[in-house]
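Just so it is clear, A, B, C and D label the chains in written order, and each chain counts residues from 1 on its own.
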């Protein structure tokens, strides 16, 4: 099944529908079943001590899965997260961007499932893992549940 | 087992250690095994259309569990989230604060487990549920893993 | 929204469609949004030392959520588990039945979400918590995805 | 960090401590951070229609993570599952063994985290994914919490 958008089109669309996240997230690579997304670390992502906050890592995992699903369903901003689970395994490095490697494990008629590994740039061991389920609205019905 | 801080002391301590979240979160009620925490909705919590973002709901669930654990272990800012799972079940109401009802299910020597229901103020059906596990550092060792 | 089956009809239906679990599980109480289900502990549920195995607790949580969904959708055996998360918090007591208290948090057109607390009979503190998501097949299409 | 047991020693130890699962599970490959474990499908694993039950897939995921942890900590049967999350994505094929590919993502002083993909032998798309957290007892204290 083909991608409906390439990395540049995807970024453009994300910028349109989520103006608030512009300049936080960047698509670094995209294929049919995988996306690499960067979180550009800013002060608002940090906890005292310089470590990246849990909600910021959640936002990165969520955004990478959302972008992966959009790349497959095309320009519909209506896919919604229904479930997520995360393990926070190590402290992220200070002052370094985070990279999420998101794999699309299932792309069904109504549900998509991704798993995500998050690394601090330059470190081998993952700082967090996540899985995300997205609900995909029926194509003919523009109103989500 | 007694609370180490009451609601006012807890809020004061949270404001000290997380100056960034000040004025976002408020402890509304606190007992030995339960805490009620409000998220005061601001523009930065919203998605286009006025609904509260997933990361904002994650932050509320996380903060309520963190506060519950702190209330029991006392003034140590070092408890860290190790695991979380969330179901996003309904759209939050527009322009209305969210309330998290967090129950402490386990308070062990090294792990604490909470479950959390999140409601839009004024609505009966929960918009999200979560469970959070916190790792509690040994009392004599002030440096977490 | 009314129940489509009462506790006795539900047990009869479960016995029909899952002959393998007959005499393991019993519906102890049922209302529109809650079910109480017992696991009658047998040798096959035990680990060395007499504690109940993780897969047995998973099976109890899963069965209670399945029964709750069936009680609402009626005699369709096709609802399937899509997601689950569990925390194993304490050792179950030896030689004692387990009881699952399952609440229906969401009953949507295509997804149902339950949360479950599991206790050893006679003990106050929960041994495990779980959340389960079930996918509900469209009424007019008897073949699940 | 080296393995404390090879695949044969691991199987022997599992057979000793879990006589009930003997002949159900087999270690197919083992390295420092990965294990491949087979579930030999038997009648007791099946649902009506021939598909593998959820609790059987849970048991496979749990057993693979337990074996991975044991291979690293050595002959201690006391590591316990504290948390698990699973997505059931596709129906397993009928009459075919399942294979779990389990990766060790974190091996800390007190917690180990694994992620697991489960396939029907001969099919490319995973039928389920899971993550498991194990609590590792301190070496000097043979009694778990």
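Just so it is clear, contacts are C-beta pairs under 8 Å (C-beta built on N, C-alpha and C of every residue); 3 or more make two chains touch, one makes a residue touch a chain.
Predicted model, so just to flag it, every value in this text is computed and none were measured.
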Pair from A-C, A-B or B-C with over half of its contact pairs in common with A-D: B-C
Chain pair, B-D or B-C, that carries the greater number of C-beta contacts: B-C
Self-contact between copies chain C and chain D, residue sets same or different by half: same
Centroid comparison with chain C (C-alpha atoms), farthest chain: A
Chain B and chain D, separation of their C-alpha mean positions in angstrom: 33
Rounded Å distance between chain C and chain D, as computed from the means of their C-alpha atoms: 23
Gap in Å, rounded to a whole number, between the CA centres of chain C and chain B: 28
Shared-contact residues (touching 2 or more other chains) in chain A: 82-83, 85, 87, 89, 108, 133
Footprint of chain C on chain D - complex, ascending: 17-20, 44, 47-48, 53-56, 58-59, 62, 77, 80-89
Residues on chain A engaged by chain C in the complex (per definition of touch): 82-83, 85, 108-111, 133, 135, 145
Contacting residues of chain A [partner chain D, same complex]: 85, 87, 89-90, 105-106, 108, 113, 115, 117, 125-126, 129, 131, 133
